[in-house]
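Chain nomenclature is as follows: A, B, C and D, assigned in order of appearance, with residue numbering initiated at 1 for each chain independently.
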Amino acid sequence: MIKVGIIGSTGYAGAEIVRILLNHPEAEVIWYGSKSYVDQKYADIYKNFFELIEDKCLDDNIDKLSEQADVIFTATPQGYLAGILNRDILSRCKVVDLSADYRIKDVKVYEHWYGIEHKSPDLIADAVYGLCEINRDKIKETSLVANPGCYTTCSILAAYPLVKEGLIDTDTLIFDAKSGTSGAGRSAKTANLFCEVNESIKAYGVANHRHTPEIEEQLSYAAGKDVMVSFTPHLVPMNRGILVTAYASLKDKNISADEIAKAYEKYFKDEYFIRLLGHGVPPETRWVEGSNFVDIGFKVDERTGRVVMMSALDNIVKGAAGQAVQNMNIMFGLDERAGLNLLPVFP
Amino acid sequence: MIKVGIIGSTGYAGAEIVRILLNHPEAEVIWYGSKSYVDQKYADIYKNFFELIEDKCLDDNIDKLSEQADVIFTATPQGYLAGILNRDILSRCKVVDLSADYRIKDVKVYEHWYGIEHKSPDLIADAVYGLCEINRDKIKETSLVANPGCYTTCSILAAYPLVKEGLIDTDTLIFDAKSGTSGAGRSAKTANLFCEVNESIKAYGVANHRHTPEIEEQLSYAAGKDVMVSFTPHLVPMNRGILVTAYASLKDKNISADEIAKAYEKYFKDEYFIRLLGHGVPPETRWVEGSNFVDIGFKVDERTGRVVMMSALDNIVKGAAGQAVQNMNIMFGLDERAGLNLLPVFP
Amino acid sequence: MIKVGIIGSTGYAGAEIVRILLNHPEAEVIWYGSKSYVDQKYADIYKNFFELIEDKCLDDNIDKLSEQADVIFTATPQGYLAGILNRDILSRCKVVDLSADYRIKDVKVYEHWYGIEHKSPDLIADAVYGLCEINRDKIKETSLVANPGCYTTCSILAAYPLVKEGLIDTDTLIFDAKSGTSGAGRSAKTANLFCEVNESIKAYGVANHRHTPEIEEQLSYAAGKDVMVSFTPHLVPMNRGILVTAYASLKDKNISADEIAKAYEKYFKDEYFIRLLGHGVPPETRWVEGSNFVDIGFKVDERTGRVVMMSALDNIVKGAAGQAVQNMNIMFGLDERAGLNLLPVFP
Amino acid sequence: MIKVGIIGSTGYAGAEIVRILLNHPEAEVIWYGSKSYVDQKYADIYKNFFELIEDKCLDDNIDKLSEQADVIFTATPQGYLAGILNRDILSRCKVVDLSADYRIKDVKVYEHWYGIEHKSPDLIADAVYGLCEINRDKIKETSLVANPGCYTTCSILAAYPLVKEGLIDTDTLIFDAKSGTSGAGRSAKTANLFCEVNESIKAYGVANHRHTPEIEEQLSYAAGKDVMVSFTPHLVPMNRGILVTAYASLKDKNISADEIAKAYEKYFKDEYFIRLLGHGVPPETRWVEGSNFVDIGFKVDERTGRVVMMSALDNIVKGAAGQAVQNMNIMFGLDERAGLNLLPVFP
């Protein structure tokens, strides 16, 4: 059994890693790291695990943990891991980081958007961006995976094939994203109270959300040139789910729905966790909730010469914990789907 | 007292007209028209009106009604009013139509998008598009108002000043809209059941929603040339509210947030029902819920050279019943705010 | 105009007093008291009031306030008002207290259930329990009203006529109450985050909720003997609304639904804010949301010899701010409905 | 592999059986029966199963199905199965009926509460009431299981040990139950539309809900005498979950919380799917959502001499499909937990 430690196990993403690994055939959690709940029973914090987990929360001593674990998941605030990670730790165990610390190759871009100094810039080059369906081969070789953001996973996958195939004008790319509230985390903030979120929708982080440079970097690789996009996240009164509606002008007005469909199929046809709905079928977050699936649909708008790309995923699963476990599976040479046979729960 | 008849009073928009007029100082409902509930007590269908309304539902005989009423509101399916309205009726009383029948000047455009034949195309020219803040003067003179759609009110108002002032490239206009579920109406459809809508978000009518030509026509007037836009509506798990996030490239990258703000102020500064939040302040539907306000904010994105225009309203009030009453007030020379001192209800 | 000061104006109940008074014909808020937001614009905290209120928050100096105001509403934590109120203040202005400090006549009972020492027990006798429909005459005479709790208003009104008329065995009284989340207040607590409350229901304060002695005291007056009840509150994933389902054995199995109905009518028939739905009609919170109405229905269960009493109200309106304004109206000899022509908002 | 047919596979309960069996190690669905969707792809109706199920819906020919299947689940309207089932079918395959047709032993009681004639009363004696934790041994021997109702499972399990041990006065038993909206099914009814259910709570079926006699019959067996109870269901704006709050007077005021706890442990200590939270810990539906667990807590109220029993389950899992599969597992001698390692999904 692969021994797993989680630093930040008491946030929503950490708890979802726990949920997934409880049914994983080849991995087990040996360290429930926490900052706020040390010595408390994990199942007292997440009572869904009552009688299923007897462990207490441990601290977040990554050095000690790295001597016991085969892999560490870090679901920690931005900058935290960058401040404590080093090659010693990475020589002892693998790390899947759910924060943004190693996602962006250009440390200046990171420091600009996140407004903090990066404490271990030398490790950035070691990290592989863990978008499994795109970087699978590199993930196999690394001991440090930068697990992608929730919005970014959903956004990049929606546009990747069309960017890669040069079917759209990347100068016109706009991502309008909508997220359930679990993406805001479990810390006590007035803005995230039930009565503040319920029965309302709003945009936030307009033109300056931190997932923007992450989307741009990955799509730039795909395009083979610099890509700059508009990205607007919205908060939706539901627990889980991200929906991305993306817009771009077709390179050529004569590009058909069929050509678009073929581009998606070229890259994703054999991907188990990506489900291609085809032309004119909008995805809905309810159909992926609780699972590691990403549903992608699109619509060619002949009037305007644009294509509308749409994708849906569960922000805590494929957008965080599920993809993290998928990365672990790849890193350890396991079946990529191990532990991830999570069927979407509806209603 | 102005005598009001409502055809289609038992839908959500009709019921909201009732709610507003119950507290209107100079109007009273004399005819609760219905197709499905004739002879039933209105307060048995909408029990919020228990002990407040004793009337029973009447049929939808518009001829008879027009002899008794000073104004008729029609909240009826597309094509219905066009099939029964005539100049006789309009000579006897005013009509505010909440359906789309007289919104679009070019009957071919109407017939193309709605897929039905227009039965009274000669009346279209008589109708005034009832976007009060734009067409106030014309509304005063007409006896037939085409009350704007919910999405269109929200979309047009967000972009109107910038289009009118030529600050944005109208070829790049994209409206990404999100609506609460009351917009889907009260008829029994599986797709609108609680468990189907709750905990999910989806796009629908992608690239072919009927509000598109309505937005385009009005913005074309503002632009002084043909405008074609992308419009994508989404269904959000909340009762009320529409949020529009609109994108366009600035005509000139040097256009400042200040110039944008001034354009909004030029047209809307003195409009009571339009609240300008200013640069960088995204509107939220919760702050307008239950009221006739439209909140508008924007953000200039210097990186991409785009401006993000954002607007929020209550789809049943300013998006339907509230604007209808506002139109009535204008048509009858009343204080435009009469009966509309509805404060936003939060939480 | 009556000059109103609010201490605790930035909680949900305080904000609802503001909403109501903005449309009140004979009262105006002159003091938006706050602990946390002094000097901030009130409309920055509650953006529904953008452009409607220009005032900034003031502190909670009740002495200074009492020299300027005709009436003070206190929506403050338990024990706060008891620590600062005195007869000097009450000689200058009237006070409507939305906390529990003066609701319970026996100070020992208060101190037992609330676990705090009462700092001004001598004032308790001056206070009138502000359940308007029951204590209207006393309210007219007092300058200190103890505004009832949300659960208690709903519970007492459901049972009062049957207790008063001796139709039920008070030893068997059980109140099972369900509340929307606004009752939990606006302070930032993890337990009240959207994702914690949404898609769940739970009981809390089982057998020890502080509203229990308040219900018992009032029903004891009605019964003319000591009444002890079971009271269980539940948290429901909705913003507003309380539903009480109460159970009691009929004194005599032959008591008919008609007799029960007559008892309700005897006490409440002419009460504008109480709507009697009659036998077999369960109230629903949606029909009272946003209004000051209490809807009451009941069902006689001949099999078990019990009557099920059911009542619904909006916890922030009739359960707090609405009743507080109703009390103010009574204290100042105004029309009891002034400012309270709030129609239920649906959907 | 056990071959499974489902009649009524396109309702919510049917779809949940499908979800569970997709991951069941020893069973597979061979027949997706439907009345409304014959010949349509199952995954077109429930798009969460896109790319996971390729089958089309078949009709509901139980004779033909019984020749191919080892077990049939029927999730059909009341009276349907009673009209078509016979001993021939039962000789060929096992049946787990999720309707109420064989739950109640006294056919007159069934006909009284359901208002329909029972077409196969002779089969009632063959049926075993499939409350697994109570009737496990009998379930092993039968070929016809009457799968309990959602409310009844939750209600009976909360009270069973205390009734069985004679700790409570069964004449005082009251069940106040709250259910998510999936319990209302998937058929298109105005009352179940999103906007009608959202932001509201109501009681329904007061004193005459059909689950009442089912609860009474089972608790009568436990008590060894006739038990009559009050049962009130409520509709809650959430997808899944039932919470039962039950009240009863203790037989003796000196009965301690410890004695109550021991009674629960005596019967349920070793039951995997029943989690005993202990004294003073109220269950919450969010902690069982998506799983087959029932969480039970209680509180002794020494003041009133009552015990409050509380239980929570997922109405579609332990309240329907999960228990149905649990019954299948028992009938076929499999591990009772096979396919039911569903961890509660939170948030």
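Keep in mind that, in the parts below, a contact is a pair of C-beta atoms (placed from the backbone, for glycine too) under 8 Å apart; a residue touches a chain by one contact, two chains touch by 3 or more.
Note that the coordinates shown come from a computational prediction; the quantities given were computed from them, not determined experimentally.
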Which chain maximises the distance between its CA centroid and that of chain A? C
Where the CA atoms of chain A average out and where those of chain B average out, how many Å apart are those spots? 38
Taking each chain's centre as the mean of its CA atoms, how far is chain B from chain D in angstrom? 46
Per the C-alpha means, the centres of chain B and chain C lie apart by a whole-Å value of 37
Two or more other chains in contact with one residue: find those residues in chain A. 12, 182, 195-196, 198-199, 237-240, 284, 286, 289, 347
Answer with line, ring, star, complete or other to describe the graph linking chains that touch. complete
Using the touch rule from the top, collect the residues of chain B that touch chain D in their complex. 12, 181-182, 186-190, 192-199, 237-239
Okay, in this complex, where on chain D does chain C touch? 172, 174, 176, 178, 180, 195-196, 198-204, 206-207, 228-230, 232, 234, 236-241, 243, 245, 247, 280, 282-286, 289, 299-301, 303-304, 306, 308, 310, 312, 347
Chain D partner contacts - residues on chain A that touch it in the complex: 12, 15, 19, 22-23, 46-52, 182, 199, 239-240, 275, 277, 284, 286-291, 295, 341, 343-347
